[in-house]
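Alright, structures below, take your time with them.
Consider the two complexes below, in which subunit A is the common component and subunit B and subunit C are the respective partners.
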Partner chain A sequence: MYGATPYWFLLPAFVVYAAFLLYPLGRAVQISLYEWDGLSLATFVGLANYADVLTDAALRAAFGHALVLIVFFAVLPLGIGLVLAALLMRARVRGLAFFRTVVFLPQVIAMVVVAVAWRQIYAPDGLLNTALRAVGLDALTRTWLGDFTLTLPAVGLIGTWVCTGLVTVLLMAGMARIPQDLYEAATLDGAGPVRTFLAITVPSVRPEIVVSLVLTIIAALKTFDLVFVTTRGGPGSTTTVPSYEVYRRAFELGEVGSAAAVAVVLTALIFLLNLAVNRIGERER
Partner chain B sequence: MRVSTAERVANYAILMIFAALALTPVVTILVTALSPETPADAQTGGPVHWENLTRAWDQGRFGEYLRNSVAVAALVVSLATVLSTMAGYAFGAFTFAGSQVLFYVFLLGIMVPAEAIVVPLFFDLRYLGLTDTIWAIALPQVAQSIAFGTFWMRAFFRGANRSLIEAARLDGAGHHRVLWQVLVPVARPAMTTMVLLMFMWTWNEFLIPLVMSPTGQLRTAPLGLALFQGQYTQGTTLLAAGAILVALPVVVLYLFLQRHFISGMLAGAVRE
Partner chain C sequence: MTTTRSRRAAGLGVLAGAALALAACTPGSNTAGDDGGETSGEPTDVRTDISDVGDVTLTVWDQEVRGGQNEQIERLNEAFMEAYPNVEIQRETQSTDDLNATLRLALTGEDAPDVTQVNNSRSQMGQYVGAGQLLPLDDYAEAYGWHDRFGDSVLQNSSYSPDGVTFGEGSVYGLPQVGEVVGVYYNRDKLDELGLEVPQTWSEFVDQLPAIADRGETPLMLGNLDQWPALHVFGPVQGAYVDPAEIRDLGFGNAGATWTDDANLQAAATVQEWAEEGYFGDGFNGADYDAVWQSFTEGEGVYLMAGSWLAADIHAAMGETAGFFAPPPTEEGAGPVTTGGTGLPFAVTSQAEHPDVAAAYIDFLTDADAMEVIAETGNMPVVETSEHEAPDSLNAEVYEAYDRTITDGALLPYLDWATPTMGETLGQGLQSLLAGEMSPEEFTQAAEADYSEFVDSNQ
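Coming up: the complex of A and B.
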């Protein structure tokens, strides 16, 4: 009855979207089946580039580092956020609005700026080492971004800094919905703060926990700017991540097919995560 | 809930500790950016050395990078807003053959990371001679923003008052009149949130401008900052001043319109 009208409204958006997102996505899948240096003729290699993701030591290491980053981007902020939000919602103190503004701020600052700021904190004579020396812990000072074992956790902590505010604000919104009489009943039954936290607060914010985990896990998987600016994958290759491998392989090493395969795997992982969440979300409803 | 005074005090302490932790990197960079660059500078002027910002603007070429960023952001946000408002109207106000499938196709784009499209885009756009142009940097981001914007505007138009549309249609208004003169004015809060998020994502984007401008002719602000850092290891002051200039536009918008940012990022959580 509307005839072609909706299609005309859709067309301009669809053309740009198809040309600059759908088509490149398809091309990425296509390129991932070839061995190609970006210049000469490509050779069809089937799924060999995908097999490499499982067997190539450098790629396995990169995905392993991403797993470590997930701990820092997702698990740690969730733990901190749950306790922090629960404490703040228990006793309604003043200044919550200001607190929300401040802890959410890292989310809107460009990651490059965040990385520049943290490089200064981690610098040999930066804030962290200065603080350690001031309290007599000189033995702990080090080049935080040049240490083979500690650089990855140091980069991860930047992620914790970025993500904790988002998670806390999300959880606070969820906890605001919990009816107060639930807590009062539990207190009358003699439940302490830890019991009520585990039996009432945590189960009530399950949807928020799931959403925040997805957001932060995806942020960890997509870490690129942070690594590019702080470490460039170093020292050695101790902080390489999948996104960085995509860039390095495509534009520095001339392994475009392999880069595309890593990108496709990364995309598939993100799809699966979202799918899993939708499944969980539907079951809850 | 009634809690003891001790707990209240402890809560204030926790509040302040976490606020301080969140602000430490911000304060660090502010202090570095506004302290004297050279011993000679330390002798002149007051305690706050604003001249570092102008130096970063000129010597650090951040003025040029920021102009590039403004151009890219203006192009992306305006194009993506118009196109996704139209697409959102199509999905929200009509039921048509294939609308379900097409909507899922658009939704897909919200999840696709830039990493996945940037490799083929670079080689294909280079073949077309489009790399190092504003189009190569902007159009992929328009596509990404359209995916989010269509999703966002569809949700709004779904919830919009049907009778409003029907009344306008009965008055003989064409579909474009209905959309732009009846619905868009009502949609202003939702559209503000969308525009702000699109602006923030575009302004802060790093990978796409990095790849699409291989010769570095067209550096956006975050890119200029990252490469400035690689070039001058000693210029910490100007680096920090540049970082302030890069972060400032979004931070200022956030401070004034934070409700839009927070609600949008939590509701539109599907992206990222």
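Coming up: the complex of A and C.
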């Protein structure tokens, strides 16, 4: 009816979007098809960089670690966040705003600062081991960032700590929308707190669950600063992640094409996972 | 329906536009490196007197950000501009990490610096040399007599073949100001308490470790969370078992050596045994490098294997209590063999408009007068080290160890220079080796795989 007119209004925003997002993205895809050291003329190698990404065992392990991190960045915070938000909303505690702020605080702090702080906490003589020794649990003390099996979960738990606040606050906003009479009716019908939580609270905040999963899964997959500061991928190669590989290949090894290929694969993976989350979230509504 | 169609049309338009924009150029086709050959190919007349070249602005990138480092550069820059009023130095300084990250882009752009500090490694200097972005300085080396000023064990660290394939020989591409050496810091009081003396031979040193451990002390402090610190323990150990010439080939990533021989295997087995015996203390793989040397200054442990760059800080914290010796030689009286090198060398880019001025500047930064300034500001001069007065008692011992290493012994390259990926291969490997997750055989095989793959692809 309006013809092309509406699109002219979109144009300015689109130009900015294209210049700063679509063009770099396209350029990254293009570079990923070349073997390029960032210095001399590149040679076209087709999909060879992608073949390397798929066959490189070290890189596959890095993607595996990122998937493990999803559990710590997305799944755990969602579980904790649901319970915490429900408690905070239903208990009608005083100083709700204060608790909300405290829970959200890790999200406000720069990730590098978080990582430096946790590096101290996890140090051999750090807060965690000192606390364990103080209560007589010497047997449980570990070299948290130097243990070949425990370091990945230890790094993941930092992510849980950071993401829980965001998820909780999002879910609280969703829960505030639920009409109180729903709970009243359920209580009259004899439903206990667990039953109302599962039958009313959780289904009502489905959109918020989807949003928080999208955000935290992205955070998990693109983790770079946390690993870079705490472990640099160690001990051995037990905490390497794809984003760190992108940085290392581009800036340290001078394999810009290969770095772009890893980045493109990572972007595609993030996109697909979130597409799946959205599809599932919408279908079951 | 019209909306769908026009939406589709708009989408196609976007894709077409993007494709056009991208098809425009191959990555790297607009870089300055392509014509680098022209500037470096023809040997121009080398001029050492630059007072009559007219007004020149020299852009210099360095990473001398810390106290004494910054001071010496400021003083030398000022002196240079006083000596040559026609030259103005435009200095841009940033941290080492930032320099490493930004230089690659800068060299391919329009605004490349004239003179810059470059990391010696293959993944930095090697690649820039191969891409024709740094100027070979052989003509200047002859004119200024750099080969007499610096020994080969110093100049090899910034020498490459012009195609960037061979490291450690060929043309000189840069000059360093300061020296670095990895050795053993010790706590004098602790040694006295334990009734031990500074070991004169390697076997004496090795025998002391269990003796120290039996007394409940940590023999060798190590904080290996960041993976690279263990390389500075392994380097000297390797020096005790493996022929220096072979380590040089391994470290420079040149063909003709192997990681899997008995000597390297023995070195790997030795550090693993030390870890198993608990000589590195508890949780060394999860301990922070800085935190560990700081706890060493607070009286923990007896020995700390680390580089000369810690001397000023350790002396500030421990005073006369701290001492330093080069890893003792296998035979008494021989020269020490250890890991070390130079500070980041200053190189001339092929985009430099006045190579004569740039070379004169580099010469000025590294001549005898400059070494005096470097020593005065608490840095370790790269040549004639022991002739200069050290700023404190600990540095005096460091100067002596370095001087003996470059004159009588062998200064071995950092092992991670060998290939672009070697830092990670060895870092992860040593963490695994020390934790018992890898056997010495697996460790040397992993290093060999990295080394031989690179050497093969580099031929």
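Note that the second predicted complex is superposed on the first by the 244 of 285 C-alpha atoms of A that agree within 3 Å, B and C clash if a C-alpha of one lies under 4 Å from a C-alpha of the other, contacts with A are read in each partner's own complex, and residues count from 1 in each chain.
Here is the rule we use: a contact is a pair of C-beta atoms (placed from the backbone, for glycine too) under 8 Å apart; a residue touches a chain by one contact, two chains touch by 3 or more.
Small disclaimer: the values here were computed from a predicted structure and weren't measured.
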- Clash or fit: how do subunit B and subunit C relate after the overlay on subunit A? clash
- Task: Figure out whether A:Leu198 sits in contact with subunit B (first) or subunit C (second), or with both, or with neither.
- Result: neither
- Task: Look at A:Ile121 in the shared chain and tell me whether it touches subunit B only, subunit C only, both, or neither; answer first, second, both or neither.
- Result: first
- Query: First (subunit B), second (subunit C), both or neither: which does A:Ser40 touch?
  - Reply: second
- Message: With both complexes superposed on chain A, which partner does A:Ala131 reach: first (subunit B), second (subunit C), both or neither?
- Response: neither
- So, does A:Leu22 touch the first partner subunit B, the second partner subunit C, both, or neither? both
- Task: Applying the touch criterion given at the start, work out whether A:Thr143 contacts subunit B, subunit C, both or neither, answering first, second, both or neither.
- Result: second
- Looking at the overlay, what does A:Glu252 touch: subunit B (first), subunit C (second), both, or neither? second
- Query: Any idea whether subunit B or subunit C touches more of subunit A?
  - Reply: B
- Task: Using the touch definition from the top, say if A:Leu272 reaches subunit B (first), subunit C (second), both or neither.
- Result: neither
- Message: I'd like to know which partner A:Gly236 touches here: subunit B for first, subunit C for second, both or neither.
- Response: second
- Query: Which of 73-81, 91-99 or 433-441 in subunit C clashes with subunit B after superposition?
  - Reply: 91-99
- On subunit A, the footprints of subunit B and subunit C overlap at residues 7, 22, 27, 30-31, 38, 119, 251, 256
- Can you list the subunit C residues touching subunit A in their complex? 2, 6, 10, 14, 18, 21-22, 26-29, 31, 33-34, 100-101, 104-105, 107-108, 123, 127-128, 130-133, 224-227, 282-288, 291, 295, 420-421, 423-424, 427-428, 431-432, 435, 437-438
- Residues of subunit B that touch subunit A when the two form their complex: 1, 3, 7-8, 10-12, 14-15, 18-19, 21-26, 28-29, 32, 79, 83-84, 86-87, 89-91, 93-94, 96, 99, 102, 105-106, 108-109, 111-113, 115-124, 139-140, 142-144, 146-147, 150, 175, 179, 200, 203-204, 206-207, 210-211, 221-223, 225-226, 229, 236, 239-240, 243, 246-247, 250-251, 254-255, 258, 261-262, 265-266, 269-270, 272
- Could you please specify the touching residues of subunit A with respect to subunit C in the complex? 3-4, 7, 18, 22-23, 26-27, 30-31, 34, 36-42, 44, 119, 122-125, 142-148, 151, 231-237, 248, 251-257
- Message: Considering only the defined contacts, which subunit A positions touch subunit B in the complex?
- Response: 2, 5-7, 9-10, 12-14, 16-17, 19-22, 24-25, 27-28, 30-31, 38, 84, 87-88, 90-91, 93, 95-96, 98-121, 127, 161, 164-166, 169-170, 173, 180, 183-184, 211, 214-215, 218-219, 221-222, 224-225, 228-229, 242-243, 246-247, 250-251, 256, 259-260, 263-264, 266-267, 270-271, 274
